[in-house]
Amino acid sequence: MSEFSIPIRVYIEDTDAGGIVYYVNYLKFMERARTELMRSLGYGKTALFEAPEGEEPAMFVVHSSNVHYLGSAELDDELQATAQPLKVGRANIVFEQLVKKGDAVLCRGEVKIACVNRSTRQPQAMPAAMYEKVKSLMI
Amino acid sequence: MSEFSIPIRVYIEDTDAGGIVYYVNYLKFMERARTELMRSLGYGKTALFEAPEGEEPAMFVVHSSNVHYLGSAELDDELQATAQPLKVGRANIVFEQLVKKGDAVLCRGEVKIACVNRSTRQPQAMPAAMYEKVKSLMI
Amino acid sequence: MSEFSIPIRVYIEDTDAGGIVYYVNYLKFMERARTELMRSLGYGKTALFEAPEGEEPAMFVVHSSNVHYLGSAELDDELQATAQPLKVGRANIVFEQLVKKGDAVLCRGEVKIACVNRSTRQPQAMPAAMYEKVKSLMI
Amino acid sequence: MSEFSIPIRVYIEDTDAGGIVYYVNYLKFMERARTELMRSLGYGKTALFEAPEGEEPAMFVVHSSNVHYLGSAELDDELQATAQPLKVGRANIVFEQLVKKGDAVLCRGEVKIACVNRSTRQPQAMPAAMYEKVKSLMI
(Lines give C-alpha, C1' and ligand atoms only; values in the text may rest on other atoms or scores of the structure.)
Protein backbone atom coordinates (compact mmCIF):
# COMPACT_ATOMS: atom_id res chain seq x y z
CA MET A 1 0.00 0.00 0.00
CA SER A 2 1.18 3.50 -0.67
CA GLU A 3 1.11 6.42 1.69
CA PHE A 4 -1.91 8.66 1.78
CA SER A 5 -0.96 12.02 0.35
CA ILE A 6 -2.55 15.36 -0.48
CA PRO A 7 -1.23 18.23 -2.60
CA ILE A 8 -0.35 21.50 -0.89
CA ARG A 9 0.19 24.68 -2.85
CA VAL A 10 2.39 27.25 -1.06
CA TYR A 11 0.72 30.66 -0.87
CA ILE A 12 2.14 33.93 0.41
CA GLU A 13 0.26 33.34 3.69
CA ASP A 14 2.47 30.31 4.31
CA THR A 15 5.81 32.09 3.96
CA ASP A 16 7.96 34.20 6.24
CA ALA A 17 10.60 36.93 5.91
CA GLY A 18 13.25 34.27 5.31
CA GLY A 19 11.60 33.82 1.92
CA ILE A 20 10.54 30.27 2.69
CA VAL A 21 7.60 28.45 4.25
CA TYR A 22 7.37 29.37 7.94
CA TYR A 23 8.40 26.18 9.71
CA VAL A 24 5.40 26.22 12.04
CA ASN A 25 3.09 25.93 9.04
CA TYR A 26 4.31 22.44 8.20
CA LEU A 27 2.32 21.32 11.23
CA LYS A 28 -0.78 22.72 9.54
CA PHE A 29 0.03 20.87 6.32
CA MET A 30 0.45 17.64 8.27
CA GLU A 31 -2.89 18.15 10.00
CA ARG A 32 -4.62 18.69 6.66
CA ALA A 33 -3.23 15.34 5.51
CA ARG A 34 -4.43 13.57 8.69
CA THR A 35 -7.82 15.19 8.34
CA GLU A 36 -8.18 14.08 4.73
CA LEU A 37 -6.97 10.57 5.58
CA MET A 38 -9.65 10.27 8.25
CA ARG A 39 -12.23 11.74 5.89
CA SER A 40 -11.26 9.13 3.29
CA LEU A 41 -12.16 6.50 5.91
CA GLY A 42 -15.53 8.11 6.47
CA TYR A 43 -14.63 10.18 9.52
CA GLY A 44 -15.28 13.85 8.94
CA LYS A 45 -16.08 16.36 11.61
CA THR A 46 -19.44 14.83 12.36
CA ALA A 47 -18.04 11.41 13.04
CA LEU A 48 -15.40 12.83 15.31
CA PHE A 49 -17.44 15.31 17.26
CA GLU A 50 -20.78 13.56 17.53
CA ALA A 51 -21.28 10.24 19.22
CA PRO A 52 -23.78 7.59 18.23
CA GLU A 53 -26.57 7.15 20.76
CA GLY A 54 -25.41 5.31 23.82
CA GLU A 55 -21.76 6.14 23.28
CA GLU A 56 -19.68 8.71 25.08
CA PRO A 57 -18.76 11.67 22.88
CA ALA A 58 -15.08 11.50 22.08
CA MET A 59 -12.67 13.80 20.35
CA PHE A 60 -9.14 13.64 19.08
CA VAL A 61 -6.46 15.89 20.46
CA VAL A 62 -2.79 16.15 19.59
CA HIS A 63 -0.74 14.50 22.33
CA SER A 64 2.72 15.25 20.99
CA SER A 65 4.66 16.07 17.86
CA ASN A 66 8.24 15.36 16.92
CA VAL A 67 9.30 17.17 13.80
CA HIS A 68 12.56 17.36 11.86
CA TYR A 69 13.17 20.03 9.28
CA LEU A 70 15.28 18.87 6.36
CA GLY A 71 14.70 21.35 3.60
CA SER A 72 12.72 24.41 2.71
CA ALA A 73 9.89 25.30 0.38
CA GLU A 74 9.14 28.54 -1.37
CA LEU A 75 6.20 30.54 -2.62
CA ASP A 76 4.29 28.74 -5.39
CA ASP A 77 5.85 25.34 -4.67
CA GLU A 78 3.63 22.31 -5.02
CA LEU A 79 4.19 20.01 -2.08
CA GLN A 80 2.83 16.69 -0.95
CA ALA A 81 1.78 16.08 2.65
CA THR A 82 1.46 12.47 3.75
CA ALA A 83 -0.14 10.67 6.69
CA GLN A 84 0.63 7.08 7.53
CA PRO A 85 -0.31 5.29 10.78
CA LEU A 86 2.81 3.95 12.49
CA LYS A 87 1.20 2.65 15.68
CA VAL A 88 -2.46 2.25 16.43
CA GLY A 89 -3.73 1.82 19.98
CA ARG A 90 -7.27 1.69 21.29
CA ALA A 91 -7.08 5.33 22.34
CA ASN A 92 -4.32 6.80 20.21
CA ILE A 93 -2.66 6.79 16.83
CA VAL A 94 0.90 7.70 15.93
CA PHE A 95 1.16 9.05 12.40
CA GLU A 96 4.30 9.35 10.39
CA GLN A 97 4.01 12.46 8.31
CA LEU A 98 6.13 13.84 5.53
CA VAL A 99 6.04 17.05 3.61
CA LYS A 100 7.76 16.49 0.30
CA LYS A 101 8.68 18.50 -2.75
CA GLY A 102 8.98 15.93 -5.49
CA ASP A 103 11.19 13.25 -4.00
CA ALA A 104 12.84 15.56 -1.49
CA VAL A 105 11.54 15.27 2.07
CA LEU A 106 11.39 18.79 3.53
CA CYS A 107 9.94 17.87 6.88
CA ARG A 108 9.36 14.60 8.72
CA GLY A 109 7.12 14.32 11.74
CA GLU A 110 5.67 11.83 14.17
CA VAL A 111 2.40 13.10 15.52
CA LYS A 112 0.57 11.25 18.28
CA ILE A 113 -3.16 11.78 18.41
CA ALA A 114 -5.14 10.78 21.48
CA CYS A 115 -8.80 9.94 21.67
CA VAL A 116 -10.32 11.55 24.75
CA ASN A 117 -13.68 11.88 26.34
CA ARG A 118 -15.13 15.18 25.25
CA SER A 119 -16.22 16.15 28.75
CA THR A 120 -13.49 14.78 30.98
CA ARG A 121 -10.60 14.91 28.51
CA GLN A 122 -9.55 11.49 29.80
CA PRO A 123 -8.34 8.84 27.32
CA GLN A 124 -11.16 6.83 25.80
CA ALA A 125 -11.13 4.02 23.26
CA MET A 126 -11.99 5.17 19.79
CA PRO A 127 -14.98 3.51 18.10
CA ALA A 128 -14.10 -0.11 17.22
CA ALA A 129 -14.82 0.36 13.53
CA MET A 130 -12.49 3.34 13.34
CA TYR A 131 -9.76 1.39 15.13
CA GLU A 132 -10.03 -1.43 12.62
CA LYS A 133 -10.02 0.87 9.63
CA VAL A 134 -6.97 2.82 10.77
CA LYS A 135 -5.15 -0.38 11.75
CA SER A 136 -5.75 -1.78 8.28
CA LEU A 137 -3.73 1.10 6.85
CA MET A 138 -0.56 0.02 8.62
CA ILE A 139 2.11 -1.21 6.25
CA MET B 1 -8.56 62.51 24.96
CA SER B 2 -5.88 60.49 23.26
CA GLU B 3 -6.38 57.33 21.25
CA PHE B 4 -6.18 53.98 22.96
CA SER B 5 -3.03 52.22 21.80
CA ILE B 6 -1.14 49.00 22.43
CA PRO B 7 2.40 48.05 21.45
CA ILE B 8 2.90 45.30 18.87
CA ARG B 9 6.25 43.64 18.34
CA VAL B 10 6.70 42.10 14.89
CA TYR B 11 7.78 38.45 15.07
CA ILE B 12 8.77 36.16 12.24
CA GLU B 13 5.29 34.60 12.41
CA ASP B 14 3.88 37.98 11.25
CA THR B 15 6.00 38.34 8.13
CA ASP B 16 5.83 36.99 4.60
CA ALA B 17 8.20 36.25 1.75
CA GLY B 18 8.11 39.89 0.70
CA GLY B 19 10.20 40.50 3.83
CA ILE B 20 7.47 42.58 5.45
CA VAL B 21 4.46 42.06 7.67
CA TYR B 22 1.85 40.02 5.80
CA TYR B 23 -0.91 42.54 5.13
CA VAL B 24 -3.66 40.27 6.45
CA ASN B 25 -2.00 40.30 9.87
CA TYR B 26 -2.72 44.01 10.39
CA LEU B 27 -6.31 42.92 10.92
CA LYS B 28 -5.12 40.79 13.83
CA PHE B 29 -3.18 43.71 15.30
CA MET B 30 -6.29 45.89 15.04
CA GLU B 31 -8.38 43.26 16.77
CA ARG B 32 -5.87 43.01 19.63
CA ALA B 33 -6.23 46.77 20.12
CA ARG B 34 -10.05 46.59 20.13
CA THR B 35 -9.93 43.68 22.56
CA GLU B 36 -7.66 45.55 24.95
CA LEU B 37 -9.76 48.70 24.67
CA MET B 38 -12.85 46.73 25.66
CA ARG B 39 -10.92 45.01 28.44
CA SER B 40 -9.84 48.43 29.74
CA LEU B 41 -13.55 49.25 30.05
CA GLY B 42 -14.15 46.07 32.03
CA TYR B 43 -15.33 43.89 29.16
CA GLY B 44 -13.23 40.80 28.78
CA LYS B 45 -14.33 37.53 27.28
CA THR B 46 -16.65 36.75 30.16
CA ALA B 47 -18.54 40.00 29.81
CA LEU B 48 -18.95 39.46 26.11
CA PHE B 49 -19.88 35.81 26.10
CA GLU B 50 -21.94 35.51 29.26
CA ALA B 51 -25.13 37.42 29.85
CA PRO B 52 -26.39 38.61 33.22
CA GLU B 53 -29.51 36.79 34.40
CA GLY B 54 -32.58 37.91 32.58
CA GLU B 55 -30.62 39.19 29.59
CA GLU B 56 -30.19 37.56 26.23
CA PRO B 57 -26.65 36.32 25.60
CA ALA B 58 -25.03 38.60 23.04
CA MET B 59 -21.76 38.49 21.19
CA PHE B 60 -19.83 40.82 18.96
CA VAL B 61 -19.04 39.92 15.39
CA VAL B 62 -17.17 41.83 12.71
CA HIS B 63 -19.69 43.29 10.27
CA SER B 64 -17.22 44.88 7.83
CA SER B 65 -13.71 46.20 7.50
CA ASN B 66 -12.29 48.87 5.23
CA VAL B 67 -8.52 48.95 5.30
CA HIS B 68 -5.93 51.07 3.49
CA TYR B 69 -2.31 50.05 3.39
CA LEU B 70 0.09 52.99 3.43
CA GLY B 71 3.43 51.55 4.46
CA SER B 72 5.13 48.39 5.53
CA ALA B 73 6.69 46.99 8.69
CA GLU B 74 9.54 44.57 9.11
CA LEU B 75 10.71 41.89 11.48
CA ASP B 76 11.53 43.25 14.93
CA ASP B 77 9.68 46.53 14.41
CA GLU B 78 7.82 47.96 17.36
CA LEU B 79 4.42 49.16 16.21
CA GLN B 80 1.44 50.78 17.85
CA ALA B 81 -2.10 49.61 17.17
CA THR B 82 -4.90 52.00 18.05
CA ALA B 83 -8.66 51.67 18.50
CA GLN B 84 -10.95 54.69 18.62
CA PRO B 85 -14.76 54.61 18.40
CA LEU B 86 -15.95 56.74 15.46
CA LYS B 87 -19.67 55.94 15.64
CA VAL B 88 -21.52 54.16 18.41
CA GLY B 89 -24.99 52.73 17.87
CA ARG B 90 -27.14 50.62 20.16
CA ALA B 91 -26.10 47.46 18.35
CA ASN B 92 -22.84 48.38 16.64
CA ILE B 93 -19.61 50.30 16.93
CA VAL B 94 -17.41 51.64 14.16
CA PHE B 95 -13.79 51.82 15.22
CA GLU B 96 -11.09 53.81 13.51
CA GLN B 97 -7.92 51.83 13.78
CA LEU B 98 -4.36 52.69 12.93
CA VAL B 99 -1.20 50.66 12.91
CA LYS B 100 1.72 53.04 13.29
CA LYS B 101 5.47 52.86 13.35
CA GLY B 102 6.49 55.94 15.26
CA ASP B 103 4.56 58.74 13.59
CA ALA B 104 4.14 56.91 10.29
CA VAL B 105 0.72 55.35 9.72
CA LEU B 106 1.27 51.99 8.03
CA CYS B 107 -2.34 50.91 7.90
CA ARG B 108 -5.65 52.67 8.53
CA GLY B 109 -8.89 50.79 9.00
CA GLU B 110 -12.53 51.28 9.79
CA VAL B 111 -13.94 48.20 11.40
CA LYS B 112 -17.64 47.87 12.17
CA ILE B 113 -18.53 45.53 14.97
CA ALA B 114 -22.09 44.34 15.45
CA CYS B 115 -23.70 43.10 18.62
CA VAL B 116 -25.85 40.07 17.85
CA ASN B 117 -27.94 37.57 19.71
CA ARG B 118 -25.80 34.54 20.35
CA SER B 119 -28.47 32.10 19.22
CA THR B 120 -30.20 33.88 16.40
CA ARG B 121 -27.28 36.02 15.15
CA GLN B 122 -29.79 38.88 14.80
CA PRO B 123 -28.74 42.42 15.86
CA GLN B 124 -29.32 43.09 19.54
CA ALA B 125 -28.66 46.18 21.63
CA MET B 126 -25.48 45.93 23.65
CA PRO B 127 -25.81 46.32 27.42
CA ALA B 128 -26.66 49.94 28.28
CA ALA B 129 -23.62 50.40 30.50
CA MET B 130 -21.31 49.24 27.73
CA TYR B 131 -22.98 51.60 25.27
CA GLU B 132 -22.43 54.54 27.61
CA LYS B 133 -18.83 53.66 28.29
CA VAL B 134 -17.92 53.25 24.63
CA LYS B 135 -19.82 56.44 23.70
CA SER B 136 -17.84 58.36 26.31
CA LEU B 137 -14.66 57.53 24.41
CA MET B 138 -15.75 59.42 21.32
CA ILE B 139 -13.67 62.53 20.69
CA MET C 1 -18.12 34.62 -18.80
CA SER C 2 -18.31 33.13 -15.38
CA GLU C 3 -16.34 34.11 -12.34
CA PHE C 4 -13.04 32.44 -11.63
CA SER C 5 -13.44 30.26 -8.56
CA ILE C 6 -11.39 27.86 -6.46
CA PRO C 7 -12.54 25.38 -3.84
CA ILE C 8 -11.55 25.98 -0.22
CA ARG C 9 -11.86 23.29 2.42
CA VAL C 10 -12.16 24.61 5.98
CA TYR C 11 -9.61 23.05 8.32
CA ILE C 12 -9.28 23.46 12.06
CA GLU C 13 -6.44 25.94 11.43
CA ASP C 14 -9.01 28.28 9.83
CA THR C 15 -11.45 28.37 12.73
CA ASP C 16 -11.66 30.27 15.99
CA ALA C 17 -13.20 29.83 19.42
CA GLY C 18 -16.53 31.08 18.09
CA GLY C 19 -16.72 27.71 16.30
CA ILE C 20 -16.57 29.36 12.89
CA VAL C 21 -13.98 30.48 10.36
CA TYR C 22 -11.92 33.31 11.85
CA TYR C 23 -13.04 36.34 9.84
CA VAL C 24 -9.50 37.46 9.09
CA ASN C 25 -8.89 34.21 7.23
CA TYR C 26 -11.38 35.09 4.49
CA LEU C 27 -8.74 37.54 3.30
CA LYS C 28 -6.40 34.58 2.86
CA PHE C 29 -9.02 32.66 0.90
CA MET C 30 -9.53 35.68 -1.36
CA GLU C 31 -5.81 35.99 -1.97
CA ARG C 32 -5.59 32.30 -2.92
CA ALA C 33 -8.28 32.92 -5.53
CA ARG C 34 -6.48 35.99 -6.94
CA THR C 35 -3.22 34.05 -7.03
CA GLU C 36 -4.80 31.17 -8.93
CA LEU C 37 -6.54 33.54 -11.32
CA MET C 38 -3.21 35.18 -12.17
CA ARG C 39 -1.58 31.77 -12.46
CA SER C 40 -4.32 30.71 -14.91
CA LEU C 41 -3.24 33.70 -17.04
CA GLY C 42 0.37 32.56 -16.92
CA TYR C 43 1.54 34.77 -14.08
CA GLY C 44 2.99 32.76 -11.24
CA LYS C 45 5.55 33.97 -8.75
CA THR C 46 8.29 34.12 -11.35
CA ALA C 47 6.33 36.38 -13.64
CA LEU C 48 5.48 38.68 -10.80
CA PHE C 49 8.85 38.88 -9.10
CA GLU C 50 11.23 38.74 -12.03
CA ALA C 51 11.29 41.31 -14.80
CA PRO C 52 12.21 40.64 -18.42
CA GLU C 53 15.50 42.21 -19.46
CA GLY C 54 15.18 45.91 -19.98
CA GLU C 55 12.10 46.18 -17.75
CA GLU C 56 11.95 47.47 -14.22
CA PRO C 57 11.17 44.75 -11.71
CA ALA C 58 7.64 45.25 -10.45
CA MET C 59 5.57 43.61 -7.77
CA PHE C 60 1.98 43.66 -6.69
CA VAL C 61 0.96 44.89 -3.27
CA VAL C 62 -2.44 45.17 -1.67
CA HIS C 63 -3.51 48.81 -1.70
CA SER C 64 -6.81 48.44 0.15
CA SER C 65 -9.53 45.98 1.05
CA ASN C 66 -13.19 46.54 1.74
CA VAL C 67 -14.87 43.46 3.14
CA HIS C 68 -18.41 42.70 4.27
CA TYR C 69 -19.20 39.65 6.35
CA LEU C 70 -22.60 38.18 5.61
CA GLY C 71 -22.48 34.64 6.97
CA SER C 72 -20.24 32.15 8.65
CA ALA C 73 -18.54 28.89 7.75
CA GLU C 74 -17.67 25.94 9.90
CA LEU C 75 -15.05 23.23 10.15
CA ASP C 76 -15.18 20.85 7.17
CA ASP C 77 -17.24 23.19 5.00
CA GLU C 78 -16.45 23.27 1.33
CA LEU C 79 -16.39 26.87 0.16
CA GLN C 80 -15.76 28.62 -3.12
CA ALA C 81 -13.55 31.69 -3.35
CA THR C 82 -13.93 33.85 -6.44
CA ALA C 83 -11.85 36.59 -8.07
CA GLN C 84 -13.25 38.87 -10.75
CA PRO C 85 -11.63 42.07 -12.05
CA LEU C 86 -13.99 45.04 -11.55
CA LYS C 87 -11.66 47.82 -12.70
CA VAL C 88 -8.34 47.48 -14.44
CA GLY C 89 -5.88 50.35 -14.61
CA ARG C 90 -2.34 50.46 -15.94
CA ALA C 91 -0.95 50.13 -12.44
CA ASN C 92 -3.76 48.61 -10.42
CA ILE C 93 -6.59 46.13 -10.43
CA VAL C 94 -9.74 46.12 -8.33
CA PHE C 95 -11.04 42.60 -7.77
CA GLU C 96 -14.47 41.69 -6.59
CA GLN C 97 -14.15 38.65 -4.42
CA LEU C 98 -16.71 36.38 -2.89
CA VAL C 99 -16.46 33.51 -0.49
CA LYS C 100 -19.49 31.33 -0.95
CA LYS C 101 -20.96 28.21 0.57
CA GLY C 102 -23.14 26.80 -2.16
CA ASP C 103 -25.25 29.77 -3.25
CA ALA C 104 -24.86 31.67 0.00
CA VAL C 105 -22.33 34.50 -0.06
CA LEU C 106 -20.51 34.47 3.29
CA CYS C 107 -18.13 37.30 2.57
CA ARG C 108 -17.88 39.91 -0.18
CA GLY C 109 -14.78 41.98 -0.73
CA GLU C 110 -13.28 44.57 -3.02
CA VAL C 111 -9.53 44.29 -3.02
CA LYS C 112 -7.37 46.82 -4.84
CA ILE C 113 -3.97 45.60 -5.93
CA ALA C 114 -1.27 48.05 -6.99
CA CYS C 115 1.66 47.36 -9.23
CA VAL C 116 4.75 49.04 -7.82
CA ASN C 117 8.42 49.29 -8.61
CA ARG C 118 10.19 46.70 -6.54
CA SER C 119 12.89 49.12 -5.40
CA THR C 120 11.09 52.40 -5.00
CA ARG C 121 7.62 51.06 -4.18
CA GLN C 122 6.22 53.76 -6.48
CA PRO C 123 3.33 52.89 -8.83
CA GLN C 124 4.47 51.40 -12.10
CA ALA C 125 2.51 50.19 -15.11
CA MET C 126 2.11 46.43 -15.19
CA PRO C 127 3.40 44.63 -18.28
CA ALA C 128 1.19 45.42 -21.26
CA ALA C 129 0.37 41.77 -21.95
CA MET C 130 -0.79 41.28 -18.36
CA TYR C 131 -2.94 44.40 -18.57
CA GLU C 132 -4.63 43.12 -21.70
CA LYS C 133 -5.21 39.67 -20.29
CA VAL C 134 -6.72 40.92 -17.04
CA LYS C 135 -8.84 43.48 -18.89
CA SER C 136 -10.22 40.74 -21.10
CA LEU C 137 -11.67 39.08 -18.00
CA MET C 138 -13.96 41.99 -17.25
CA ILE C 139 -17.60 41.16 -17.70
CA MET D 1 19.05 31.49 37.82
CA SER D 2 15.46 31.53 36.80
CA GLU D 3 14.04 30.78 33.39
CA PHE D 4 13.57 33.55 30.89
CA SER D 5 9.86 34.13 30.44
CA ILE D 6 7.52 36.42 28.54
CA PRO D 7 3.79 37.00 29.02
CA ILE D 8 1.41 35.86 26.27
CA ARG D 9 -2.17 37.04 26.11
CA VAL D 10 -4.50 34.67 24.23
CA TYR D 11 -6.46 36.46 21.52
CA ILE D 12 -9.22 35.10 19.32
CA GLU D 13 -6.66 34.72 16.50
CA ASP D 14 -4.90 32.08 18.63
CA THR D 15 -7.92 29.85 19.20
CA ASP D 16 -9.68 27.16 17.20
CA ALA D 17 -13.15 25.66 16.94
CA GLY D 18 -12.38 23.41 19.92
CA GLY D 19 -12.67 26.59 21.99
CA ILE D 20 -9.00 26.43 22.99
CA VAL D 21 -5.65 27.63 21.73
CA TYR D 22 -4.85 25.91 18.44
CA TYR D 23 -2.01 23.56 19.33
CA VAL D 24 0.18 24.69 16.45
CA ASN D 25 0.22 28.20 17.88
CA TYR D 26 2.20 27.10 20.95
CA LEU D 27 5.16 26.86 18.58
CA LYS D 28 4.70 30.55 17.83
CA PHE D 29 4.59 31.40 21.52
CA MET D 30 7.80 29.45 22.06
CA GLU D 31 9.51 31.27 19.23
CA ARG D 32 8.48 34.63 20.66
CA ALA D 33 10.18 33.61 23.93
CA ARG D 34 13.38 32.51 22.14
CA THR D 35 13.41 35.74 20.15
CA GLU D 36 13.06 37.86 23.27
CA LEU D 37 15.72 35.84 25.09
CA MET D 38 18.16 36.46 22.25
CA ARG D 39 17.17 40.11 22.14
CA SER D 40 17.84 40.36 25.89
CA LEU D 41 21.38 39.18 25.10
CA GLY D 42 21.75 41.89 22.47
CA TYR D 43 20.86 39.79 19.43
CA GLY D 44 17.95 41.24 17.53
CA LYS D 45 17.31 40.79 13.86
CA THR D 46 20.28 42.89 12.84
CA ALA D 47 22.71 40.83 14.85
CA LEU D 48 21.32 37.64 13.44
CA PHE D 49 20.98 38.58 9.81
CA GLU D 50 23.95 40.86 9.24
CA ALA D 51 27.54 39.74 9.64
CA PRO D 52 30.39 41.90 10.87
CA GLU D 53 32.94 42.66 8.13
CA GLY D 54 35.11 39.72 7.38
CA GLU D 55 32.63 37.19 8.80
CA GLU D 56 30.32 34.90 6.87
CA PRO D 57 26.67 35.88 7.20
CA ALA D 58 24.91 33.30 9.33
CA MET D 59 21.32 32.71 10.25
CA PHE D 60 19.43 30.51 12.65
CA VAL D 61 16.97 27.93 11.46
CA VAL D 62 14.83 25.48 13.38
CA HIS D 63 16.37 22.02 13.11
CA SER D 64 13.74 20.07 15.04
CA SER D 65 11.00 20.39 17.62
CA ASN D 66 9.67 17.89 20.09
CA VAL D 67 6.50 19.06 21.78
CA HIS D 68 4.19 17.54 24.35
CA TYR D 69 0.75 18.91 24.97
CA LEU D 70 -0.36 18.64 28.58
CA GLY D 71 -3.21 21.09 28.98
CA SER D 72 -5.18 23.70 27.14
CA ALA D 73 -5.60 27.45 27.24
CA GLU D 74 -8.60 29.57 26.41
CA LEU D 75 -9.42 32.98 25.01
CA ASP D 76 -8.22 35.80 27.30
CA ASP D 77 -5.86 33.58 29.29
CA GLU D 78 -2.59 35.08 30.38
CA LEU D 79 0.18 32.60 29.76
CA GLN D 80 3.92 32.54 30.27
CA ALA D 81 6.28 31.26 27.58
CA THR D 82 9.79 30.32 28.68
CA ALA D 83 13.07 29.69 26.89
CA GLN D 84 16.00 28.01 28.60
CA PRO D 85 19.13 26.66 26.86
CA LEU D 86 19.53 22.94 27.60
CA LYS D 87 22.54 22.22 25.38
CA VAL D 88 24.74 24.72 23.60
CA GLY D 89 27.03 23.70 20.75
CA ARG D 90 29.18 25.80 18.48
CA ALA D 91 26.56 25.66 15.75
CA ASN D 92 23.34 24.85 17.57
CA ILE D 93 21.29 25.41 20.69
CA VAL D 94 18.67 23.17 22.24
CA PHE D 95 16.09 25.16 24.15
CA GLU D 96 13.69 23.78 26.70
CA GLN D 97 10.47 25.69 26.34
CA LEU D 98 7.36 25.75 28.42
CA VAL D 99 4.04 27.42 28.01
CA LYS D 100 2.45 27.80 31.39
CA LYS D 101 -0.78 29.08 32.84
CA GLY D 102 0.12 29.98 36.40
CA ASP D 103 1.91 26.89 37.68
CA ALA D 104 0.31 24.51 35.20
CA VAL D 105 2.50 23.52 32.27
CA LEU D 106 0.26 23.40 29.18
CA CYS D 107 2.95 22.56 26.69
CA ARG D 108 6.57 21.46 26.95
CA GLY D 109 8.96 21.55 24.03
CA GLU D 110 12.54 20.95 23.08
CA VAL D 111 13.48 23.04 20.11
CA LYS D 112 16.85 22.69 18.42
CA ILE D 113 18.09 25.73 16.55
CA ALA D 114 20.97 25.45 14.09
CA CYS D 115 23.30 28.18 12.98
CA VAL D 116 23.87 27.94 9.24
CA ASN D 117 25.67 29.85 6.54
CA ARG D 118 23.18 32.18 4.94
CA SER D 119 24.23 31.25 1.41
CA THR D 120 25.04 27.56 1.64
CA ARG D 121 22.69 26.60 4.50
CA GLN D 122 25.56 24.48 5.87
CA PRO D 123 26.22 24.45 9.65
CA GLN D 124 28.46 27.28 10.76
CA ALA D 125 29.74 28.22 14.22
CA MET D 126 27.80 31.06 15.77
CA PRO D 127 29.80 34.16 16.77
CA ALA D 128 32.01 33.36 19.78
CA ALA D 129 30.50 36.09 21.93
CA MET D 130 27.00 34.76 21.30
CA TYR D 131 28.09 31.25 22.17
CA GLU D 132 29.55 32.42 25.48
CA LYS D 133 26.49 34.45 26.37
CA VAL D 134 24.03 31.65 25.63
CA LYS D 135 26.23 29.11 27.43
CA SER D 136 26.26 31.33 30.51
CA LEU D 137 22.48 30.94 30.73
CA MET D 138 22.69 27.19 31.29
CA ILE D 139 21.61 26.18 34.76
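A, B, C and D label the chains in the order they appear, each numbered from 1.
Rule of thumb we're sticking to: a residue touches a chain if its C-beta (ideal position, glycine included) is under 8 Å from a C-beta of that chain, and two chains touch if they have at least 3 such contacts.
Keep in mind that what you see is a predicted model, and the values were worked out from it rather than measured.
S.K.: Could you work out which chain's C-alpha centre is the most distant one from the centre of chain A?
M.R.: B
S.K.: Centroid from C-alpha atoms only, then distance chain C to chain D, rounded to Å. What do you get?
M.R.: 34
S.K.: Let me have the rounded angstrom distance from the C-alpha centre of chain A over to the C-alpha centre of chain D, please.
M.R.: Chain centroid spacing, chain A to chain D, equals 24 Å.
S.K.: Averaged over CA atoms, how far is the centre of chain A from the centre of chain C? Could you give it in whole Å?
M.R.: Chain centres of chain A and chain C, defined by C-alpha means, are spaced 29 Å apart.
S.K.: What positions in chain A touch 2 or more of the other chains?
M.R.: Touching at least two other chains: 12-13, 18, 24, 28, 31, 74-75.
S.K.: With chains as vertices joined when they touch, what's the shape: line, ring, star, complete or other?
M.R.: It is complete, because no pair of chains fails to touch.
S.K.: Which stretch or stretches of chain B touch chain D in the complex?
M.R.: 9, 11-13, 28, 31-32, 35, 44-46, 74-76
S.K.: Would you mind writing out the residues of chain D in touch with chain A in their complex?
M.R.: Checking each residue of chain D against chain A gives 18, 23-24, 27-28, 31, 59, 61-69.
S.K.: Which of the residues in chain A come into contact with chain B in the complex?
M.R.: 12-13, 15-20, 22, 24, 74-75
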